[in-house]
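You will see two complexes here that share chain A, one where it goes with chain B and one where it goes with chain C.
The block that comes next holds the complex of A and B.
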């Protein structure tokens, strides 16, 4: 994984950031702000994954085109008919524009969720909520551990069966179904056996013997830079929300496209959103520059 | 007062006709290292589980378990959790959380502990165990050995007084096993933590232990210091002697059960012939002995030889290779044997049909992954018992996968049973001629009883009955496969594989997790198969097993076969990658690779 300075901030800051950005990306319909939201996510995802990021980004761009193009097939509202098909069914510009807006929303949310998955590891999540619901978070951690373990075991069983002459994925459908059932049964039995051991191991290490508050091995400290960043982010979110609530960012696509010029509050919201979505990338960039400088000065 | 005391402890599982434990009494002092051993199914696990209330199985119990003089059941569970650490067999299922750091903290989080103290304890355990590098990792990225070390570290973070380990290394490879056992030993020595360890691989644990307890069918058959136990077992002719370390077995094989008083013989020998003419009865071999011997001797034993100080009448039983080597040199000097070399019988490859021919095979798992096999050459004669040995990551398991066509080499020629693997459809009927026994036999089980497991492979009753008889599992037909011991599971899995009537049988680490007795019966079964014309290829870390039973051994290193030779040739040529018997005897004997070889030469 590439070094990412934003990830080293306190998990609460990270969570507020992603929650804020994703909600705003869903609510905002103003095309300029939507583009900014997507661009910010794309830049940050590139910071996180480097060249590997293009697979997702290009895929999302293709999805954007497809979603935009098919929207008018389901939605025939709109005054400007571009052409008609299937004996007069209209394909309208307004529906096309509305499709583009929805597709853009979809693409930005996907991008931001991809970033979220990279940055907000499960231990950060459990760190934040471990105190509120210790039992629930423990179940979550254990479940998360099981998913990859099951996958690996299933592959092992399937290879073992294949090597022992119990063919998998060959023969008639009935035969294959029976093989699949055997695999599932082997996996379940194994999982139950393992669960008994895990339960023993938990009780052996004193799980449930402490009635008081469960202490935590905390790896995060809420520092001054976290406080500062949180204030900046909350301010940006507040400005954008105010603009949304007062209608400064209102647009309509159907029946006619109406995208008014941005009022002063709208411009402020645009700047605020741009600052917000570029925060992680900017932090990464600053760190990269600082690193370069320290290298060149030595 | 002893830390732990078991007083006339008996235990029976509900509904069982016979008790699992019968009148077991033992005391474990502070800082002691107790080793509990016995055949699989002898009650080791049942015994150890009595030492912690939450793990004690249901059943009827009589007698008492005392911790510091208090009945264990009256000690609060939180105190027990802190004071008694318990490591179980399965490295994977014992892990609770998804991150290494969280796992280390789990016990302390559960028992309640100041947060600052918690951080300190986690930090110091991570440092002590060298976990720093993988502290942030996801636990599923760890190897089996690392997982078991993590389990140990998470328990040690709670600073227990006693560490109970129930066959902790049965699922680890030898390198990881040694690391784990060394760590336990270090904890015992450096921190003074009492250790109670059950093991069936005694080679490493036996010499470390202060006290050994031998169980058979829930009864104590011997207990005392390792030397006392070794003497008692040999005197009783107990089958457990098979599991003892090589030096012990050779010693008793040579000296007999009642070590002969050699004092008279030695005095006479020194008077009549003098030191310098040692071995003159063997003429030419004399110089060979001396030069070799002075090369390895420790000053202390040299003193014994050259000065007038009388030597101990009876050399105490050696427990380690070091002691064994010293004893053997003394013994050979005192009583020079007629022969000092085992002849290599050889194994004729010429004119034999080859079951496997592999030339310049290259394989990697992914396009950008490193090559695992790098120009491997291998020739396996039909009807032979062929072993492939090599370290971790040398490509052993991958080679087997290529042989059973789960992995296709990217380059090179591979003929299995006369068919070229390349261009063959995966549904080709000749695939049935090759079958593999997986490392974890439980991977083959999916039914509720052994009978159904076998019926999945073949329909003819008499065929199933015959194979069940061969594998010695007739008694187990109605049992649930997962209730069986490791060795029994192995046999059931082998029976399943044999029902496909393979002509080439592949075994992946067949001796992992099974005890010395099962190893013997499995070797006999494999030999029978080879005599019937089935070619058996196994990859194994178990040098002792390969040395004793294989016809040919290939050493794999860095994805290529370094050498193929008879075990006698290969293991007597290497100084490190060889059996304990060979390491012990190589300065005086040539080509002795098993305990029996050394005994034969000594007495011969």
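The block that comes next holds the complex of A and C.
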């Protein structure tokens, strides 16, 4: 699959983008802006995953329907009663609408987190925090490396035990749990011995000595395009936040639905949010066009 | 035999600094509650995440400012990775998750704050593998609490002795299972309450925790079985490592 162009930007830009978008998606209650927030995430996820994206998106649409439909069961406030059940408990339109708003927030947050998982790889995460929290980042890096190693070792141990004629994964639940425990015990012994070797090796290579700051591998450079993108994003976030803080995006769902027409600042926030959420997709699209043109000109 | 230099662990964090870190984090949490309440709307969802992060952050800040030695770093990484990878050992029991049990054992062996770090790092790592989401901070808190509480119990000499009898081992396993069902599981369910439910009413709160209850019971049972089977051997191994190499006491 074609690499995603937005991913090539500096990790700090990526982190600011996702943090901003996810927080805004939670805070905004204006239906049009909520829809824009979700649509932006869905478009970008489609850019990232292609046809595979539909599995998540369809699942989220189902979750949207369920979460919308259950809210009136918990919340009986609202003037317009659609029907009553259980001897007169009202099921109201207003609670349904507010349920839809929360369900949309949930769907947007999930979509943007799915994009985040694709874009913000572990090396970017450790790059960002490596300077501020070197010890913790090192622990995280080691943990991330050890998990697959232990998985492989567990399979080796289980093969070895099977060759030695010990049952693995057969028989009653009790038996299987016991097999698992013996495997885990063997794995732990091996892992702990390895830990001491690793730590001694680190020490003999000078970890933790006071020989000045340790340099780190810096793969990313904060270039002019990152600065430009960051300024645009922060401006968009600022406009939307101003509109939120001044009540330009205020809506009420209960007890009566009141969605006033957007004032000028609200319209500005709508445009700003739309620009913000479409930034990654737009960068991808521009890159795709440039690629096509370069192909046809040769 | 390790050199004498290795016995010098990283500097311990001065008490005043620990108090200051917690005070700052408490102030941040309080400020975010006030701002969230003034902002209204759905700002309380963001507030809830900030409060959870404020509960986690001090452990990380204090650990980092201690400048820990290589052995301590590696042991934390190994225990967190074991907690995540232990699932591979129980591959024949689908849905069986021993993670909480391993974190509790790490807490018993290493003490409360290292236990918390193992738990929250294990949760963070498993989310790197299975996908981050709005639940990540809650998971870090829930699993961190497993290590913290069992570390504190061990510190007070409540759970482990040199040679625990059958009753003590059963008690530990039952305690672990109950802790998952009553504390760690509900902490996790709270993220669904904030992110999926529109109106927080008594009915919706009951519904969310009841919906999570069967799952929590399964997790609790897995924790009970794992603790019963591996707590003794694993603790013996960890104690032996600590004696042999003199670390993390």
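Just so we're on the same page, the second predicted complex is superposed on the first by the 266 of 298 C-alpha atoms of A that agree within 3 Å, B and C clash if a C-alpha of one lies under 4 Å from a C-alpha of the other, contacts with A are read in each partner's own complex, and residues count from 1 in each chain.
Just so we're on the same page, contacts are C-beta pairs under 8 Å (C-beta built on N, C-alpha and C of every residue); 3 or more make two chains touch, one makes a residue touch a chain.
Just so it is clear, the model here is predicted, and its values are computed rather than measured.
Undergrad: Quick check for you: in the superposed arrangement, does A:207 touch first (chain B), second (chain C), both or neither?
TA: Touch partners of A:207: chain B and chain C.
Undergrad: After lining up the shared chain so the two structures overlap, which partner does A:75 touch, if you call chain B first and chain C second: first, second, both or neither?
TA: The second partner, chain C, only.
Undergrad: Let me test your reading of the model: by the given contact rule, A:292 touches which partner, first (chain B), second (chain C), both or neither?
TA: Touch status of A:292: no partner.
Undergrad: Look at A:177 in the shared chain and tell me whether it touches chain B only, chain C only, both, or neither; answer first, second, both or neither.
TA: Second partner only, chain C.
Undergrad: May I ask you to decide whether A:156 touches chain B, chain C, both, or neither, giving the answer as first, second, both or neither?
TA: first
Undergrad: Tell me which of chain B and chain C touches more residues of chain A.
TA: C
Undergrad: Name the contact category of A:185: first (chain B only), second (chain C only), both, or neither.
TA: In the superposed model, A:185 contacts both chain B and chain C.
Undergrad: May I ask you to decide whether A:105 touches chain B, chain C, both, or neither, giving the answer as first, second, both or neither?
TA: A:105: touches chain C, not chain B.
Undergrad: Using the superposition on chain A described above, determine whether A:215 touches chain B (first), chain C (second), both, or neither.
TA: The answer is first: A:215 touches chain B but not chain C.
Undergrad: Touching A:55, do we find chain B (first), chain C (second), both, or neither?
TA: Neither: A:55 stays clear of chain B and chain C.
Undergrad: Could you pull out which residues of chain A sit against chain B in one structure and against chain C in the other?
TA: 122, 138, 142, 144, 148-149, 170, 183, 185, 189, 194-195, 198, 200, 202-203, 207-208.
Undergrad: Using the touch definition from the top, list the residues of chain C that touch chain A in their complex.
TA: Residues of chain C touching chain A: 2, 6, 10, 39, 41-43, 45-46, 60, 63-64, 67-71, 73-78, 80-82, 84-86, 88-93, 96, 98, 117, 121-122, 124-125, 128-129, 131-134, 195-199, 201, 203-204, 207, 225-226, 229-230, 233-234, 237-238, 241, 245.
Undergrad: Which bits of chain A are touching chain C when the two form their complex?
TA: Spelled out, the residues of chain A in touch with chain C are 23, 26-27, 29, 67, 71, 73-75, 77, 95, 98-99, 101-103, 105-106, 109-110, 113-114, 116-117, 122, 125, 133-136, 138-140, 142-144, 146-151, 154-155, 168-170, 173, 176-181, 183-185, 187-189, 191-192, 194-196, 198-200, 202-203, 207-208, 245, 254.
Undergrad: In their shared complex, at which residues does chain B touch chain A?
TA: Touch list, chain B to chain A: 52, 54-55, 76-78, 81-82, 86, 88, 90, 92-99, 101-102, 104-115, 118-119, 122, 139-140, 151, 154-155, 158, 401, 404, 406, 426-427, 431-432, 435-438, 440, 442-447, 456-457, 482, 493, 496-497, 500, 502, 506.
Undergrad: Give every residue of chain A touching chain B within the complex, in rising order.
TA: 122-123, 126, 138, 141-142, 144-145, 148-149, 152, 156-157, 159-167, 170, 182-183, 185-186, 189-190, 193-195, 197-198, 200-210, 212-219
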